[in-house]
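Next come two complexes, and both contain subunit A; in the first it sits with subunit B, in the second with subunit C.
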Partner chain A sequence: MKNSAWLLIVFLLTMVSSPYLFAQSKTGLQVIESVYNRPNGSDMSADLTMTLINARGDQRVRKIKQFSKEFGKDEKKIMFFISPADVKNTSFMNWSYGDAGKDDDQWIYLPALKKTKRISSDSKSDYFMGSDFTYDDLGDRLPSEDNHKILKEEKVQDELCYVIESKSKNSGYMYSKTITWVVKDKWVAVKKEFYDEEGKLLKILTVEEYKTINNFLIVTKTLIKNIQTNHATEMKLENIIIDGGISNDKFTERTMTKGL
Partner chain B sequence: MKYIIVLLLLVTGYPLLGQEVNFSGYVRGYSGMFAGNDNYDFVILQNTLNLVAEKKGEGASFRVNPYFYHYKQDSLVIGMREAYIDLEAGNLALRLGKQQIVWGKADGVFITDIISPKNLEEFLLPDFAEIRMGVTGAKLNYYFENNTIELVFLPVFTPTKLPAKSSVWSPVLNFPVAPVFDYSRSEVNPALENTEVYLKYSSLSGSIDYEVMAGYMWDDDAAMYTSLTPNGAGGMNLKITPEHNRLTVAGGSFSTTVGPLVLRGEGAYYSGKKFMTTTPQLNSGITEKDYIHYMAGTDFALYDIQVSTQIIQKSILEYSSDLQSNYSFNGENSTMMTLLLKYSALNETLDFELFSYYDFEFDDSLIRPRIVYDYSDSINLQFGANIFTGDSGQFGQYNLNDMIYAKVLYNF
Partner chain C sequence: MSKFLIKLLHYPRTVLIVLLVLTVVFFAKMITNSRMETDLDEYMPKDHPAFSYSDQAEEWFNIKDGIIIAVENKAGIYNQQTLGTVRDLTKKFQGMEGIEKKDVTSLYTADNIVGTEEGLDVKAFYTVPPEEQEELTALQNRVRSNDMAFGRLVSEDETVTLIIAAINDDVFSQEFYREILKTAEAYESESIQIHVAGRPIVEGTMALLGPADMKKMVPIVIAVIILVLYLSLRSARSTLLTMGVVLLSTVWAFGLMSFFSIPIYAVSTMIPVMLIAIGVADGIHLYSHLQHFTDRNPQATKLEAVTDMIREMWKPVVMTSVTTAVGFVSLLTSQVYPIKYFGLFTAFGVLGAMVFSLVLIPAGIMVFNLPRRKNKKESKSAFHIPSGIAAGIIKYRSATLFVTIAVIVFALIGIQKVWINSSFLDKFERDSEIVLTDAFINQHFGGTSTLNLVLDSKENDAFKSPEVLSLVYTMQNSVTDSLHAVGNTFSLTNYIARMNKVMHADDEAFNSIPDDQDLIAQYLLLYEMSGDPENLWKVVDYDFRKMNVNFQLKSDNSKTINTAIAALEEYRDDFDKLGITMNYAGSGYKGLVFTELILEGQIMSLILSLFIIIGLLGLMFKSIKIGLIGSVPIVITAVIGFGVMGWMNIPLNTTTALLSSIAVGIGIDFAVHFLEQYKLHSVSGDKLLTAQRTMDHSGIAILLNAVVVISGFLVLLFSVFPPNRELGSLVSLNMFVSFIGTLTIMLIMLNKSNVYFNKSKEQ
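After this line comes the complex of A and B, so read on.
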């Protein structure tokens, strides 16, 4: 009898702590929140190479040095454009806020004009540097901005994923819906489909590589392809340093104008 | 003072030894043809090399930016847009040498952006990086968080560069008889007492960016002192003596976002401006007035079109009716607006732009449509037009100078 009781307790504990059972109780919102809240260090610097590939296969390469740092709920990011030559020494700074409803603050420094200009972050549907990523795609979209639903579970790249459908609570949002494949327990989104306002498939983002750096799972290579225009953008992060201790002074107008 | 600055540049350059010099710039072919008259002359056939050499080291760096303009007459114009050394120690940064200094939030108009004078040899048609001339002096910045205090000290005065009298961009002068110019008082000697001093405090924050500035400067545009003498034949001789005068300026600017709008504003109070009067026999035809110059503007996106518009006004204080109108000041208030529309296509490789100035007083304008195509990461093609409307005013005076142009740039 005692043995049976112990067996029952062990069985129950095993079931309760099982990722499977826990996962079953997750909602779509919780899965997306897990992705959003996945720790990735308090600061990061990296070299970003963006390769733009048009329908004919012609390539254009943009190189950027980027720094980001968390300030409590908020995050500051600064990017320095290294190439091509006509945008060299241009810099872009973004301050994003954890408070729902508070818009990002953004500035761009234009070396030809020697001016730092405040720009509106409202145009999140604008494409970043001619790529297939909009500013919204690159930002940390708050999970609370969308309604999320688990559609199914399936394997992508040999990893079992939740498939989550997200629809914006704002009817004016640029995508009618997105579908995201999130690796169970790792909370890495390895694939995402974007549907246009008419409900047609617009873009597919695929994570081609992610690595463990300083015990954090970091996405290092992605490919996004616009299905409607056949234009694609590959984004690759290299020389990643996490928690390297970036100074707060990095995220100032002085740094923007001075450059690297 | 020039020699002191050069010596400082040489002495303080030693920390840069051993660092790599980076070269960048562009080569540009630029052809412009008149379309406003029946001649269809090639008014511009210009080849340009703009070279930037930079070297950055720990606590010190330098930048040299020579330019070379080769014209159709096989003439070559060589100059130095910037040549300076930066020295940094903690929160302090010192820039010594020839440098372009840009202040303010307005685009295409100069309200607090008055340190670097303008090269108007081709009116306002070149890029602003080419219109702004470098000034020789020292700039000291003190940074704390996202705030900056900037002190500028210019021992060498650089005036506005005007077009040659033979140029198609030479402004129309309204004198009752042909004047004789006396340039004996037009120079400002580089002496300590003639130094220009500017001070600015600027702040960048999540809610608003703003600048507050003051300056004790020389007016970049000379006042035209007039003398009339009988010519012995019953008429009068008119002598014009251009002379630069001191101005005291205080102003500020801001930019902020309200929803999808970026709002910008800028204003300055100018004290001591010398205006020409309609009575040349009194005080050499010059009177002193203060004036204010201010701007309100907004940037936003309308569908996929970027829109930027500004309204600008100058108001002469204690205005008197004997002030002579000119293209910058026509009456007590002079009002102008600008409009920029930009649409990008083909993953930002093809841009359609329209920039325009409109002057309410003269009902004249400059309209500048342009198509910019990035043929490759290095090669950029531009096709555009400069269209002047109106019969008079700062734009209308050039109504025969409508032109179309093409530019090819190789960036490196």
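After this line comes the complex of A and C, so read on.
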């Protein structure tokens, strides 16, 4: 096909879809990409408090010191358990990659065993530290892995949001779809619903707090609740330092064994 | 009282219409408002410590009864077709209404904790059924090397694999069962057989089969009773009126139950059984009296005859009924609500039968005239037989006493053999589909029944302690190894031992509990991070203060459960020293406690009612001696009844235990009517003649009563449901023993004791 023919098709398509294009400044994919790519500094350290709550309301609290750093498209993260005491200094490292299809690398160091072990992850549906979050839920999922569609706009927590429906391009993903509420112009996903393979509502994630730190919008408190099991996890970040300059050596197996 | 009843004789039509209208009202209530209660949990007293603990534990650990679907391929399960079937069936059940997705376990959903060169992984055994032989062999090896799956989800001969779908107690229904069977059957093929078993199936089938069989058998029982009644009374009217009494009392009892919105429990189906056995008695005695009167006074009008009947008979009828009713009311001491209701409404039915006997039968006779009997002559000549028997019994009383004592001793030995059985499976035919499937699964796997041992500590993280976990692990292994009845066990220790092993390069020497608490905690953290932590909360609670140890048992019968519990109890002291208490949970255990509770209540009420009856009879006959004599047939009946159960290996369960109530009800009927006649005839002053007359009058009526009920209940021997057969034979036996006991031993005791005769002399 000649170039001119291509141009014609593009022109016609633009003509046909122009009312849509002009009425909405962004497509679903663009919205989700804006969230994914929202700048949040090149490194971060913080104290993470993870509270696990079961259906009866029993709670387990884990305190974790975490460090993360961007390495181009990739992100490396290392975490040290502070409490409970019996898992103190247990450390966990995760390298996630910006290339689609490349699985995360994960290591765990058990001080009682004095050994670092790799945890291979078959899929990204693995749950993060026994919580209700999968790595994908925590923002690891690439926007290009799903098809996105803007359903509507509505107000959540007094902020106007895009409501985006995302469906995996590959069949066999653990969610049949997710629906995300993204605050316009801030590109923070304040609420997300996850539907299981049968199309039933599985989990609801709610961002309870986000702050501006070093001019970056950082989500500091999140609650995710599994509707089917009534299990919930709250994650709270404190003492956040952005761009404090964490050295690259921090993210090695050797650091894991040293503890904090 | 008799004046009022006699007055009523002048308005027989009004009486009949009023009764009819009331019955229609009760019947309408019964039809529109009655509800079967099939959820067995509803039967149990919720506030009893054993039940409330078990209920709590069931909630803590999501303990539910599992439907077991066994997928069998005689050529082995490691092929694409069988593994595909397992996957498809698992998904089908996960999507079914009433089954929660996470409650379905199979090789497809199970976590495989594996050690890799570099670390640990928790993954699925397979997601897509492999096609290549190489991959299939790899899967086979994965399962073989994981004893959390091998022998649990896949049989050791690798021809059977299980899908377990845990359901809530209230989910099971006929439709649900059909849907499960239909779903399972749809996947059967030439090479793949599918078997369905598990407690919910057994419980559900029993709850449906028992009443269904009764529905079929009861009309035949009633037909036979009507037939025999007709042959005895030789009058269609008398037969109909006598049966009318039974029918009305049953309808009123169930109508009243509906009125109070009390559902029909399985034991409630015993109410008509009791009322049939007890309710015909009054009618038979009334007609028997009427017969004697008209024989002696052929010229009497029907009003005279009925008036005499009421005057002479109202007392024994009221006495027997009130005493029987009190006997049933004593069941209120039971802790089990369905039993309380059973006692209360049977008592109401018995009192109903009393009213109908005294109102309906006379009114019926007034409206439809006296019964026309055929073969009048025969009855007159028949006097010689009963009086001959009476004379014989008294003459050979030593022999009679000796035989009675021998039988009682024999029965007492039998009683020691009586055992309690709360098993549901044992209620089915040995060659029934449900029993065979259960045996099949038991043969290939640890067992179809589960006992949960719940360990409870006061301290957080108690179940991360190596000392505690090692003890649990030792207990699990030793009980499983030493007891054939315990096929398998599973708890938190199995996770930890498995992880310890794979973290040490699959070295079997590390298939144990490590002795470092931190390591245990870190393993658990690792598992949570790699696997589905939900599985962990089925064996331990959030704070690691409570632990659930599963034992798979080969049978659900009480002997098996008790054997397992006895073996576990040996560890109680050891756990006690560690500050840990032991409790049990699960439906098998609850069933056991429940049955024991019923039995305890039954024995309590039996003893209580015996005292009440002795007191009441003593009051009615103004002699405590008579009270004691009158209770003898009841005691003999109960003792022999239980003795036969011991010898015949019929275990005590909720149904058979209740049968001792029949002994009370029938025993009183027989004793009171007999005593009343004896008292009447004692005016003659001749002891032998009194005995003979009583035998002729009351004895014949008692014989008729026994024959009618026995022949009716023997019909149940043809039932397809074994518990109903037991019911039939035991009711018949009770009836027979009461009959023999009253006419022999009670007669002898009356004769020996000189009651009435001493008194007349003194006066």
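Everything below uses one rule, namely that the second predicted complex is superposed on the first by the 235 of 260 C-alpha atoms of A that agree within 3 Å, B and C clash if a C-alpha of one lies under 4 Å from a C-alpha of the other, contacts with A are read in each partner's own complex, and residues count from 1 in each chain.
Methods note: a contact is a pair of C-beta atoms (placed from the backbone, for glycine too) under 8 Å apart; a residue touches a chain by one contact, two chains touch by 3 or more.
If you're wondering where the values come from, they're calculated on a predicted model, not measured in any experiment.
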- Message: What does the overlay on subunit A give for subunit B and subunit C, a clash or a fit?
- Response: clash
- Message: If we overlay the two complexes on their shared chain A, which of subunit B and subunit C does A:252 touch? Say first, second, both or neither.
- Response: first
- With the two structures laid over each other on chain A, which partner does A:105 touch: subunit B (first), subunit C (second), both, or neither? first
- Message: Once chain A of both complexes is superposed, is A:83 in touch with subunit B (first), subunit C (second), both, or neither?
- Response: first
- Who does A:92 touch here: subunit B (first), subunit C (second), both, or neither? second
- Go through the superposed model and pick first if A:119 touches only subunit B, second if only subunit C, both, or neither. both
- Query: Regarding the shared-chain residue A:198, is it in contact with subunit B (first), subunit C (second), both, or neither?
  - Reply: second
- Would you sort A:228 into first (subunit B), second (subunit C), both or neither based on which partner it touches? second
- Task: Figure out whether A:211 sits in contact with subunit B (first) or subunit C (second), or with both, or with neither.
- Result: neither
- Task: Tell me which partner A:61 touches in the superposition: subunit B (first), subunit C (second), both or neither.
- Result: first
- Item | Common ground on subunit A, meaning residues reached by subunit C in one complex and by subunit B in the other | 52, 54, 60, 84, 86, 107, 112-113, 115-120, 122, 126-127, 129-130, 231
- subunit B contacts subunit A in the complex at 24, 26, 93, 100-102, 127-129, 141, 143, 145-146, 148, 202, 204, 206, 209, 255-257, 259-262, 299-301, 344, 347-349, 374, 376-378, 380, 409, 411-412
- subunit C - residues contacting subunit A, complex: 59, 95, 100-102, 116, 118-121, 123-124, 461, 464, 503, 516-523, 525-526, 528-530, 532-534, 537, 541-543
- Contacting residues of subunit A [partner subunit B, same complex]: 52, 54, 60-61, 83-86, 88, 95, 97, 103, 105, 107, 112-123, 126-127, 129-132, 231, 249, 252-254
- Message: Quick check: in the complex, which residue numbers of subunit A touch subunit C?
- Response: 52, 54, 56, 58-60, 81, 84, 86-87, 90, 92, 107-108, 110-113, 115-120, 122, 126-130, 196, 198, 228-229, 231
